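Okay, got some structures for you below.
Two complexes come next, and they have one chain in common, subunit A, joined by subunit B in the first and subunit C in the second.
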Partner chain A sequence: MTDSVWEVFRQEDEGDAMTHAGSVRAPDAELALHYAREFYGRRQESTRLWVVPREAINELDDPDWLKPPFDRSYKRPGGYLIKHKLEAAKARAEESP
Partner chain B sequence: MDDSERADSFYARVAAGGKVEADDWMPDPYRAAILKFVEMHANSELMGVLPEREWILRAPTLRRKLALTSKVQDEVGHAQLLYRVAEDLGKPREQMLQDLLDGKTKFHNVFHYPTESWADVGIIAWLVDAAAIVSQQALRDSSYAPYARTMKKICWEESVHIMHGRDVVLTLMNGTDRQRALVQNALDRWWGPLMQMHGPPTDPARDKDLLWRIKSKGNEQLRQEFLSIYVPRIRELGLRIPDPELRYDDGAGRWHYSEPDWDELRSVVTGHGPRSQERLEFRRVNRALTQWVRDAIIGRAAAAA
Partner chain C sequence: MSSAAPPEALLGDVTRDALAELLLATADDEFVIGFWDSEWTGIAPMLEEDVAMSSIAQDEIGHARALYELLAETTHDDPDRIAFGRPADAFRHAALMNHPRTDWAFTVARRFLYEHADAVRLEALARSSHERLAGLAGKMRREESYHRMHADAWLQRLAEAGGEARKRLTAALQRLWPDADAVFTPLSGEPELLASGVLAEPLAALHGRWRARVRPTLERLSLPVGGDGAPPPDGRTRRTDDFRWLHGEFTMVAGSEEGATW
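Right, the complex of A and B next:
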């Protein structure tokens, strides 16, 4: 039996997202879980472990898709500068109650 | 351990703050309750874009059009995330859509009303989203962990929508008398539905969603939080809130307000709101028109299998 690479994900506390921890080499999922437990679960630092065959992972890191170069500030809270508008509206509210 | 002992220990665990994952064992009543809750939320995100969608083509500037389009896209995305969470609880997505269109499941009251001016877009994005985010922030502590994690992403995006809405309202309030009057008119129409939105107060000792920590705050607590943050922000702009009874009661430490119209709430969410049937019909037509897309994708997947 030949080894293959398994990516390991761990959950630190109940309810946390699973986060990538590292990888192990193992011939099957059962042994991969045992190895993952040895590396990422010996100090009670994990409540849950997942092992996933590396070849099961599909990757996208193309910046044209993920970081397109246009102004999309309207999608971020910082894209709205309301300080002066708010001051003006409050001043107007006081003038004409 | 038999099933009832197992259920007792499950309920004790979630009541104490324990978290449940999709593939964990859970008692059927908990599964049914979380499914109902998440499905209703997903339906609301999906239907909630229809009132705003009506204004994309009428947005006053290109930037407003981009922001509104982006918001609509976000909300449809939230529906997709939430239907995914709900699917894992055992109900197929197609069935959820069918039940929504058949009027068997509900969506939030505020999405059953018409929009009459651009000011409605501001009031919806600012105050409807604000009322929603108060409850959504509390759902980040839900005992059902996949839902709680999804709410973290959703709240992050909703916070942008609130800024967009407040910016629209501030711009109008700095505009002409007519623009200011449009905002007041929109607030007058939306205030009733906003006060109904969190639902009537429930008895915390009997509300299973609270006992099982599907949600962590009761309806009245959420309404009080909404009022505490937003009443001052509305009033500082010179807007009048159309409720003569509305005041903060220092002695009681809570907001006093006119009793919301709970009959209207019940009637609206059961499909008798002013736009309920029109919006559901839009979805039915849209679903039929896009059937070929789903067929093409499923056909490709079937051919590859």
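Right, the complex of A and C next:
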């Protein structure tokens, strides 16, 4: 059989983010939907499924792009040490009602 | 749902018997096809299909269970006894369900013919004057639409695959068509069912609608379409050794210790 692989994303409740559930093998898009439903939706655990051919996914896993060699901690919120500034701001707020 | 639903107590004895006959025929169809299809568990063409077919088979048995429960209330019986305590010859499924699982093309052909027949029947039952039956049929329809799409998808795949797949599918459709007609074999209590509105339309009308529904798909795929004959009168009483074997399988556990509680 000429099967291909389909990636399945599911949404638990309306408004939730779609999350990757897993994958199924199927010969066409229609049966892929059926199988996705059986594997990731038949126990009423999903509100919505997205079924995407694996080939349609553009993958990026290059560490030079994703894990740059220089210190980039300032790009993360934790890179800024604002704990002391916050405490000082709170103290000021308490002093002047 | 109809507002003219006769409360259970107001059904005459004759209508109650006719209702029981209708419920038994419908439930046995679902029960027996569910057991045949459950035989694919572990050996379906691919893992994903294995799960799908097993799940559909479970759905069918679940529908049978709901119908047996309604029947048991109507006749003051026990649903488990109706399902597992009857001899093979007391089953009233259509002759379509007499055949064994056979091969994948045969199963697909049967599922296609049956799912469309069941859909037509459920549409009528959803308009039943019997409110509980109408409600149940409405719920069943929601699951059956997915079953039907699954059967349609496989019918098309096998038909378009050509070669051995198409050959087997064609042979199965030719063999099964006359027994699929039997889903619409008239019931002895049909006049009462129609008079009371429990059955919204004669089975003969549903039979015609089913043929009109499956014909375009079969013609589009150049697959054989069966004749226009009336359903066989013994369509729900004929039993085969294949079914007797299946009956032995599905009653084995219940029969191993009579009166056991589960």
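Just so we're on the same page, the second predicted complex is superposed on the first by the 80 of 97 C-alpha atoms of A that agree within 3 Å, B and C clash if a C-alpha of one lies under 4 Å from a C-alpha of the other, contacts with A are read in each partner's own complex, and residues count from 1 in each chain.
As a working rule, a residue touches a chain if its C-beta (ideal position, glycine included) is under 8 Å from a C-beta of that chain, and two chains touch if they have at least 3 such contacts.
Everything quoted here is computed from the prediction, not taken from an experiment.
By the document's definition of touching, of the two partners only subunit B reaches A:Ala89; subunit C does not. When the two complexes are superposed, the chain touching more residues of subunit A, out of subunit B and subunit C, is B. Of the two partner chains placed around the shared chain by superposition, subunit C is the only one that A:His34 touches, whereas subunit B remains out of contact.
By the document's definition of touching, of the two partners only subunit C reaches A:Asp3; subunit B does not.
When the two complexes are overlaid on their common chain A, residue A:Arg42 makes contact with subunit C while staying clear of subunit B. Contact with subunit B, but none with subunit C, is seen for A:Glu14 once the two complexes are overlaid on the shared chain. Look at A:Ala26: by the touch rule set out above, it reaches subunit C but stays clear of subunit B. Of all residues in subunit B, those touching subunit A in their complex are 18-19, 21, 63, 66-67, 70, 145, 148-149, 159-160, 163-164, 166-167, 170-171, 173-174, 236-238.
The touching residues of subunit A, counted against subunit B in their complex, run 14-15, 17, 48, 72, 74-77, 79-80, 82, 85-86, 88-90, 92-94, 96-97. Residues of subunit C that touch subunit A in their complex: 45-49, 51-52, 55, 146, 149-150, 153-154, 157.
Listing the residues of subunit A that touch subunit C in their complex gives 1, 3, 24-28, 30-31, 34-35, 37-39, 42.
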